[in-house]
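What follows is a pair of complexes built around chain A, which joins chain B in one and chain C in the other.
And now, the complex of A and B:
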């Protein structure tokens, strides 16, 4: 999509959509301008104003204003040094027509300068980390990009670790994140469209895609949905996700998120559009299909055979995580004939003396596990082992010995819990957790018939889901045979010649050349 | 934008609309009439089914993308179009209620004998209404997914039953009289006539021109499943035992034992069958809602759907006695099936032939 399109214009340093304060223009009086700028920002000790006088322009005054802590201190001081040096120097051989022109064209050593004529815009630029230079007698102010301040360094992602593969992760800084993408995809077709969302937080959003590979309709739709957001603040990409997903009420995630630049780039190369939000390392990827949530970036770094095996394990784990407790309830309550006699006797012996029906027993254990898991996330790390002991020994072994729950149920719940951690996408694991409870109720009420009824509801629901217009269950429903090469199995790279159809633009579907299958050297045979 | 379903999805919808009830109770009836030659009756029924599919698809091809009732109104006049639409609507709704009740009775007989019937009926209606609410595209995709599942389950089932199969039970071939074989083929023919649902589905197809292919393959898949169940039942149990079995395909799977750890796995086969049955119910309810909404000029399909769902729940739960037979008499009400699925389409075809000249004249005048 061309960059001159209205939807792709740069939004940086613009006033928010809902401007509540009246527009104030700059006037030629420096002191009044400084006072207005201070008042607009509500004062505060972090607003720094440094006033200077220039010898060559009849001691004309000018001022630098910035917000301490969000500017690049070293760069600012270097620039200030240059300004001071220039201010005390008598310029021989004539001067520029005005101090304003002299400063912008000869003195300020910064690659990104802007110009504003209103107090409001100048203040919004300061809030972004820019420094404002106001010259006495001028109706305009110079915006100098000095964005900086303390931010987290690039570290290994905590939520998506890999054994083999890049160890870099996104940070909370949008510019760092865009540079991480730029370093991987060095294509002139890589596009970054910027937006600002949130009346109060004025959060910068970057939409990243490869022109010619991402589908134009999807890019337009991403822009349209983002433009429609009207909210006071965006603190994380989760805010955006709930506004732009195709269906409001569904347990399934309709956008993928990642904190790995390599995973984001893989998505871009497949035709996905990436939405980066300032202040969070998690970027959103769209459009997405159900099977994408079972793919890990490591699948593409390891050999295809083990990658395929692991994918099947992940898929199986998803179904175990969703179905195992309900199957146990259904079989022990309604369909005991399915079990081999010896196992049935063993289970019956264990359940003898248990005061609760299987459904209640399973609910007790599942809720206990959910509480333990939540406690594990929230509690201080130092007391983690203590909680593990309490969870494993007290609630597990002791509950069995006390005859409250059966040992088989502990095994079922533990296996379910472990299986749920195998799913690479946390949000898909959450979906399985929620659906598990619904299926348990159905299994306890209607047995296997109830489970199948629940699965039918899920199937119909998932078949109706879309992510930015793309069917969620693709390539199964609708069936796209060419896309099956990277679903349950991951074919070798030399066989993966095309991007997934229906995600990438139809015009640019080929990603690798033909005839690259390794074969023995003829001479060496 | 009008939803669009692919030809393969249409095949899945058609087979789902026919096969689930056909494999349930029909094989034992056929074997009781044609004995060990029942499979020949199955072949005959399959051939007749293909002919019916061909006729229905040929009629469907005349529709260039309009909704069924709108198309009939345009070609045969408003009163006739509305009347046919209402007849189809009532037929699909009525059949939906019958199938729900038979399905509930089956579940009650097989696994949940103590669960109140209204709970089972309620569950089925809720699931079906929810599925129809997702729209025809979602229904078609679900049908395709279920078809994929069948294509996995069937070969596995045949493989694990292989040791119990004895082909000697099929001989002597052509031992039964032709008349008996013909009579035995009537119940499946009646059910295969349900391919007429293609008339309603064609306008939703991406390529309406491939309606013939969809009809033929849908019918072929359905009759193949019937044939497979008959063959398995005959070669495993023999012609004397099969007529005594209420639900042939379930009994066939019930004998499976793999080693000493896997037994009575028919519940898994039945579980997959549950899904196909749900798709059938969904197709019928969708067709009923579609025909009635368009015929009665109702604005909100969702309200019609919820209303019909409620009515279906009351009807299915309370209309018939508790011990209603799940047998073929209820599933294959031949006069009704043949009248609506064969008689009406033939009348429509005649109407189209009569009005063909008029349409051409009208077209010329307009141009």
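And now, the complex of A and C:
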């Protein structure tokens, strides 16, 4: 049978938070039970009911109910075949006392069976994709796990691409996602805690961590914060993220998300707790520090020297994308003396016919670019080339020729835009974009003094941020020397001997054994 | 809680603070660096024999709590209050330095009040976060600033500006001018200012008090050596010109030229100084707010508002930058600051040593903190 290897989904523990419908129990009459089950679910056309009659047990009747489309069709048919085969056979001097026991113990060849005595619970199980078997005269119904139906295949992640590394990505199916993790970390210490959030969507959530490596307080805190969520529906992990982050108002992401199983597993191995939400390929990782957003999973697959170089490029890009327009505004408006004379003359010549101050000019271009970017994301694919022609030629070149914008400003804005795409985490890129506008206003009004004031506020803000109790600027403030091995530089794997302390549990921090540095033969042969 | 490392970082940056703006010990001319060095040593004596000893006797309390405990409610309140005023006044001086120099060097058309308001706001934002946030901030800033200082010195040296012959001859006019320049001015500014840390030490996480002593003194000595070296750089690059330049090190930086491309990096150097001044003024702002919070038993966030307003309004008192510098160097350093940095702490220490009964009687009691203020602490 195809469903034998499914892990336990704890239906019984997951009572819906706001049960509005009155609790109904099953009664011995099959027809009334079926009718009630139908009524409970509103009697849609996708609710399938198949009634069977057994030749033994006084020709007892029983019925299978399931919702079409969310069950595993092949598995269901196989099971039905077995049931029919059994129903048509007359059993001499029945071994089992009742049809119910006969079915559960001898006939249904399914790995996971459950038992309920209430209509409500039976219906919720059907909504999860299970099949309900109701037997005439029995006060209980059998839940057969037939979860399945169509879901997207495991494909290459579209948002976090790498040159070298696994090409698998998470899907919308929670079970597929947990299996992807299980396949990478085959440790018996890997834990999956399940929850259900959303009174209407009843979305399954999995909390994944390695016992003994993730910090116990963090796991407890994740549970506590998830349990506190009270909402009608959860459609994406973003819903969860906004409920459980440590501070409500901040431009910086306080939880990491990834579409890549290998990145999620790397996080688990470093002591992070993963929160998977059914219906989205993006899983959340917590706790997280600022520097984590500049790490790409490829850093660990490429050689360490190139990885270090790329990481410094990314950090630089973050600051460029945040600061470059404001520095340009500040220097051209307030501190022209800082520029070399020849550059100053050339800039002044370009700006000669420009009617706007540098701040307004920069704002015009930045907003134009943001509109272009948003259009690029939303528009139908076919219109793409048209927009790029309009964007590049009309808004760029023509605006310069028309004397509305200076060419230098176009360069600054384009470079800023490109730099903002270098940051591997999209949500951190967005933070840089938002902060950029604030800094531009400060630069336009107070020059470098304004930029510095803005940066000080930003630093004070970031020093106050925490992600699940862990300081956001961790390896720097508070300074943790041993964690610096994976921040600006990525040391070779044989030198990465410990997990990041203060993130992972203190008891188990050793990662790799000592003395593994490859060394050439002593004779040099 | 604050780590020892954060505390040491804050000691360093706090002492460097606005010291980089002035040629300390200017009266000793070429031998100014010796005055600074004497100031460092004298300050060290003060720090280790008075300031740290006070904290050692009451490791779990801050200055205000100590006053209240040893001097009783009324006299303790009075002493606590004058320290709030003292910290505010120091902060006002730094705000004014920051604002006046910003206008002088970078923002010639911006009104003074606006610049001061911004400075108070960015200081207040950090103070509102509580000691944990401020100390983490300093820990983050220190390596960046030190790195920039090192680059600046390398540029000064590579531009051929530094000529150590300008330091010669040593002790041309004897030792007296050197000593006169150091005592009490250089103790008062910046080294005696360590008295502010009586507000902060109690937040530091430590196993034994000797760790605090060690780290504080290490930070202090590092800052002392740094300031002495800075003084050497100033004199050896500007010579006697250093004495009448507004911001000597900045003056030196204007002569830097890198490959004829970057010729005027002084706005960037000004930002470097300002960041250090910002740290110093925020430390005072935080100290004053904490003191007021403990004095009145209110939360830090609430105390920061009147203190911030007081600092902002008080900053208008000085008529000009020159007035501010003059009041500071001619009067405050000689007559006023030593009272707060040496006299009162010394009296306090003596009282503490005499009234052992108060200490032993209360040692098993938990010191009382305003609870709302505790919520601002870092874990």
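Just so it is clear, the second predicted complex is superposed on the first by the 507 of 525 C-alpha atoms of A that agree within 3 Å, B and C clash if a C-alpha of one lies under 4 Å from a C-alpha of the other, contacts with A are read in each partner's own complex, and residues count from 1 in each chain.
Here is the rule we go by: a residue touches a chain if its C-beta (ideal position, glycine included) is under 8 Å from a C-beta of that chain, and two chains touch if they have at least 3 such contacts.
Note that the coordinates shown come from a computational prediction; the quantities given were computed from them, not determined experimentally.
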Clash-or-fit label for the pair chain B, chain C on chain A: clash
Which superposed partner A:478 touches (first chain B, second chain C, both, neither): both
Partner chain in contact with A:170 - chain B first, chain C second, else both or neither: neither
Touching partner for A:469 - first (chain B), second (chain C), both, neither: second
Touching partner for A:338 - first (chain B), second (chain C), both, neither: both
Chain B and chain C footprints on chain A, overlapping residues: 334-335, 337-338, 340, 446-450, 452-453, 456-457, 459-461, 463-464, 471, 473, 476-479
Of all residues in chain A, those that touch chain B in their complex: 334-335, 337-338, 340, 445-453, 455-457, 459-461, 463-464, 471, 473, 476-479
Chain C - residues contacting chain A, complex: 3, 5-6, 102, 106-107, 110, 115, 118-119, 122, 125-126, 129, 132-134, 136-137, 139-141, 143, 260-265, 267-268, 270-271, 274-275, 278, 378-379
For the chain B and chain A complex, residues of the former touching the latter: 6, 8-9, 107, 111-112, 115, 119-120, 123-124, 127, 130-131, 134-135, 137-139, 141-142, 144-146, 148, 260-265, 267, 270-271, 274-275, 278, 282
Partner chain C, residues of chain A touching it in the complex: 334-335, 337-338, 340, 446-450, 452-453, 456-457, 459-461, 463-464, 469, 471, 473, 476-479
